[in-house]
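Both complexes below contain chain A, partnered by chain B and then by chain C.
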Partner chain A sequence: MKKRILIVDDDPNILDYLEALFKDNGYDAYTARDAKEGLKMAMEHKPDLVTLDIEMPGDWGPRFYRQMIQEKSLKNVPVIVISGLSGNVHAIPKAIASIKKPFDREKLLGIVKDAIG
Partner chain B sequence: MAEQILLIDDDLEHSDALKTYLERLQYDVTLAATFDEVFHYLENAAWDIVLGNLLMDEKTAECVMRITGSKHYTQMIAYGSEIRLNQAMDRFGLKVVEYLLLPLNSKALALSLKRAKKINFQMRKNYRYVERLTDLHNAQNQFNQLFDAVPCYITVQDKNLRITAMNSRFEQHFGNHIGGHCYKIYKHRTSQCDKCPVVQTFQDGKTHSTEEIVTSISGKQYNVLTQTAPIKNRKGDITQVMEISTNITQIRQLQDHLTSLGLMLGSMSHGVKGMLTALDGGVYQLETGLNQKDELRVFKAFGQVKMMTDKIKKMVLEILYYAKSRELQYTTMEISAVVASVVNSIKPVALRSNVDFVVSVPDNPGEMEVDPSWMEAALINFLENAVDACAFDREKSEHQVTLAVTSSKNDTICFEITDNGIGMDQETREKMFTLFFTSKGSQGTGLGLFIAHRVICQHGGTVDVTSEQKQGSVFTINLPRKRPTHLTSNGLPPAIP
Partner chain C sequence: MFTKILFATSATKESDHAARVAFNIAGSYDAHLDIFHVPGVPSRGYSQVVVDVKTKERVDVDDDYLEWVKDEIRTYYAKYLENGLRYDITVAIGFPAREILRQAKDTEPDLILLGGSTGDEEEAVYKKSMAGTTLQKIARSAKCPVLVVNRPAASFWGGLSNITFGTDFSKASDKAFEFAMKVAKNLDCELNVFHALDITSGATGEMLSQDEIEQKIREALRMIRGRYESRLKELKHYSMDVWEGIPFIEIVKYARDIHSDLIVMAHHSKKTEKADAILGSNVEQVIVRAGCPVISVNR
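Moving on, here comes the complex of A and B:
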C-alpha cells in the first residue's frame, strides 16, 4: 500500500507542486490550505507524514500541530516543516526536519524516504 | 602721569629757565635745540604738548607741521617775537592752540598749557568714543550678517508668541510676518502648539528643542529641528525667546528611505522565497509533464510558470519603484482608455480565481492628466487585491469584483472598487497602506498597496476604504482630472478635500 502524505500550506501553487512531486514518487498526497481543513484531512486519511508551512495568515501552523498531536492516532506522525522563515527550528520542536523555501526536491524526497520509506 | 612736553628752542639759556619753570608746574619736559633733535623726538615719541619757537628754522617748521599734523592729540603752543609769531600764525593757523609773545607771561603760559591739556583730554575722549562707536557698528553689522547667513530659520518671539524679529532665510521661506503668531505662520494653526518650546523657555529660562513639521509659503512641508534660547534684559528677566529651526527635511527623507530599504531586504525575502518555490514547482511540473507527455499537466504547469514570472516581474518593478522614486510623466489620457487597459490586465486574473468581474463606465467619461503607466499599475493593484480578497474567501460560493467609474463634482473622477471577499479587520484596515504590511503571509510583499496608495496621492488623489469582515470591502479612489500644482517636500501634493 502507498504511504500517505498530508501537505499543509496556504499557497495553492506550492500545494500543487508538492502534491505532484509526492505523487510522482509513489506516494499518496492530500492537501490542506489551513488548520481546520488540515485536521479534517488528517483524521480522514491518517497520513504517515505531514509537511507543514509555519508562517501562514493567522499563524496557525504551530496551532495546527498542537491540535494534531492531541489526537491519539496522529500523535506520532512525523512532521517536516517547510517554511520561508529562517530560524523556524524552534516553532515545532519535534519536527523531524525543517527545510527552507525554495527547497531542494531531492533533499526533501530523501528526508521523506528516510522517515517513511 | 605728568604731561609730556617737547620744548623746541635754540636759545639754550631761555629754554633751560623755561624747563625749570615747567618742571615746577609738574610737567615732564624734554629739550630739543637742533633740527636733528626735534626730528628724532617727534619721530620716536608721542607728545602731549609741543611748545616753543616752532619757526626755529625752515626744516624744523616743516617737520613740526608734518608730524604733529598726523598725531591726533599733540597740542602745539608757539612763542616768539611779534614778527615770528605773525609768520607762525600764517603758517600754522588753527593747528596751534596758543600764540604767546616773548617775553613770556608766566600766567599766560600756565593757562595755555592747562587749556592745551584740556583740549588734549577732550580729544582723547572723542577719539575713544569714535573707536567704540565704530566697534559697535561693526559688531552690529557682523551680528546682522551672521543672523542672516545662518542656515536656519531664526525668529525672536515675545510672551504672546508674536514674532518681533526674523532672519532673512525665515523671511524667504515663510514671509515677513513681524507681529504675527509663530504657530500661525509656521503651522497655520489658530492656537499655540502643545509643548511649545518657546513657552517652556519663558517658564524655566532653559534651552528646549522639538522636532516639527512646518509649511512654507510655497506650500512645501519641512521637517525642522527647533531649539530655543532665552533673551534676558539687564535685570535678568526673560523678555523674549529666540527660536532657531534647522531644516532637516533631507536628512529625514534619506533616513526614511534607508530605513525602509533595510526593512525591505529583510521582509521581502520571505515573499520572494514563496514565489521562487512556486516557480520551482511550475518548472518541475512542466519538466515531468513533458517527460510523461501529459499535455494537461504541461498546460497547467505552463500557466503556473507564467503567473509566477509575472508576479516576480511585478515585484521586482515594485522594488525598483521604491528604490528610486521617479517623477511622474503626465499625459492627457482618455479615461476609457485607462479603464480598458486595466480591465484587460485584470480579467484573466479574475477568471483564474473564478471571480466575476463587472465594469461600469459612463458614456463619455472624458480625459484626465495622469502618468498612465503608474496610474494603471495602481488601479490594477487595487483590483488584484479585491480579487485576492475573494480568492481567500471560502465561505461564499460566488464572488464578484466591480469597478465603477463616475465623474463627480469639483472636476474629480471617482473609481469605486467593490468586492465581496473576506473583508478586513480594523488592524488591517488601518495598516494596509503601510510599507511592508501584508495580510497575505508569504504571498504578499507589503509593497503593492503601499505603492498604489502613494501613486494615487502623488496624483493629488485620495483613497477611502470601508470594509466589513466576511462581507467585503469598498475602495473609493478620487482623482482630480488635472495634475496638482502644489507639491509638498516629500513629492506628495496636499490631498484634495
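Moving on, here comes the complex of A and C:
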C-alpha cells in the first residue's frame, strides 16, 4: 500500500510541484491550501507524513499542527516544515525537518524516505 | 485590545524576530505602532558625539543624522510598512532604557514590545553603557505590560490563541491574571493557569519526599481553584496545572508542552535577594529562555 503524504501550503505552484514530485516517487499525495482544509484532509486521509507551510492566510502552520495532534490517530504523524520564513526551524519544535524555500528536491525526498520509507 | 504599541528596536537582525511579532500584532489588531529607536549612546555625559549602534563609530548628532536614521529604519522595515499600517518612527539619543521609558511616559502605550540582546557583551554598544540590561530596567519600571521576544524561537508563528499565565499567588500575580484574562477574552484564547512548585533546596530548606511534593501540588491546585477558577469560567477554554521543579524551567517547559504562544507573568512578584538579582527573577529567566513571547506585567 502506498504511503500517504498531505501537503499543506497556500502557494498553488508549491502544491502542484510537491504533489507531482511525491506521486512520481511512489507516494499518494493530497493537497490543502490552508490550515482548515488541511485538517479536514488529515482527518479524512490519515496521512503518514505532512509537509507544512508556516505563513498562510487564516491559521498559520503551527496552529494547524496544534489542532492536528489533538486527534489521537494523528498525534505522531511526522511533519516537515517547508517555508520561506526566516527561523522556520523554531516554528514547530517537534517537526522532523525544516526546509527553507527554495529547496532541493533530492534532499526533501531523502527526508521523506528516511521517515516513512 | 492593543491600540498603541511602543516597539523599541535596534533595527538590526537581532530585533528581527521581535519585529515580526510587533508588526503582526499591530496589523492583526489594528494598533498604532510607535517604532522607537535609540541610534546611539552618548560617548560621555550629555555629549552630542554618540557611538552609533550599527556601525559602532563615533558620530556627531544633528538633524541630518537623525533623519538619515529614520530613513534607514523605514527602509529596513519596508516590507512590513507597505500594508497600510499606522505607525510613527521616533529616534532619540541617550541610554536606551531611560529613553524608552521616557517615550512610554510621553505616549502612554498599552504595550511596550522589546527584542532581545543587541549582541555579545564585548560588541554591544547599548550593554557596555548599562548597569544591568535594558530589558530588566524597562520590565521593572514600565507602567504598562512589556512584551519581550528574546529568541528567534519566541517569534510570531501565527497569532495568539493559547496563553500560559504563571502565578506565584502574589498580589502582583493577581494583576497579571487580570491582564491575561483581558487578553484571553478579547482575542478568544485558551488560558492555562500554571504554578511551578519550587522544590530546590534553596526554597524548601530540605529535600522533600515525594509524598510531601504531591501534597504541596494538591494544595497549590486548590489555591489556583480558589483564587482564579470563578473568573476562568468566563472563558470558553482554560486549564489549571502545577508542576514541581525549578520554577522558571518548569514554566518554559510547560508553555512549550502545551504549545502556548504567549506567557504572561507578573514582574518581581516576589522580592529577590541581591545575589538572586544578578541571575534575575523567575520572570526574567523565563523571558530569556521562553520559546514564545513573554508579557511581564509590572503594576
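General observations
We adopt the following convention: the second predicted complex is superposed on the first by the 115 of 117 C-alpha atoms of A that agree within 3 Å, B and C clash if a C-alpha of one lies under 4 Å from a C-alpha of the other, contacts with A are read in each partner's own complex, and residues count from 1 in each chain.
The definition used in the following text is that contacts are C-beta pairs under 8 Å (C-beta built on N, C-alpha and C of every residue); 3 or more make two chains touch, one makes a residue touch a chain.
None of the values given here were measured: they were computed from a predicted structure.
By the touch criterion stated above, A:Ile14 is placed in contact with chain B alone, chain C being left untouched. In the overlay built on the shared chain, the residue A:Gly38 is in contact with neither chain B nor chain C.
Contacts of A:Pro47 after superposition: neither chain B nor chain C is touched. When the shared chain is aligned, no partner comes close enough to touch A:Pro78: not chain B, not chain C.
Of the two partner chains placed by the overlay, only chain C lies in contact with A:Arg63; chain B stays clear of it. In the superposed model, B is the one of chain B and chain C that contacts more residues of chain A. The interface of chain A with chain B overlaps its interface with chain C at residues 55. Those residues of chain A lying in contact with chain C across their complex are 54-55, 59-63, 65-66, 86-87, 90-91, 93. Taken together, the chain C residues at the contact with chain A in this complex read 16-17, 151-155, 157-159, 161-162, 256, 259, 261, 291.
Chain B meets chain A in the complex at residues 269-271, 273-274, 276-282, 284-285, 288, 297, 300, 304, 307-308, 392, 439-443. The touching residues of chain A, when paired with chain B in their complex, are 10-11, 13-14, 16-18, 20-21, 24, 53, 55-57, 84-85, 100-103, 105.
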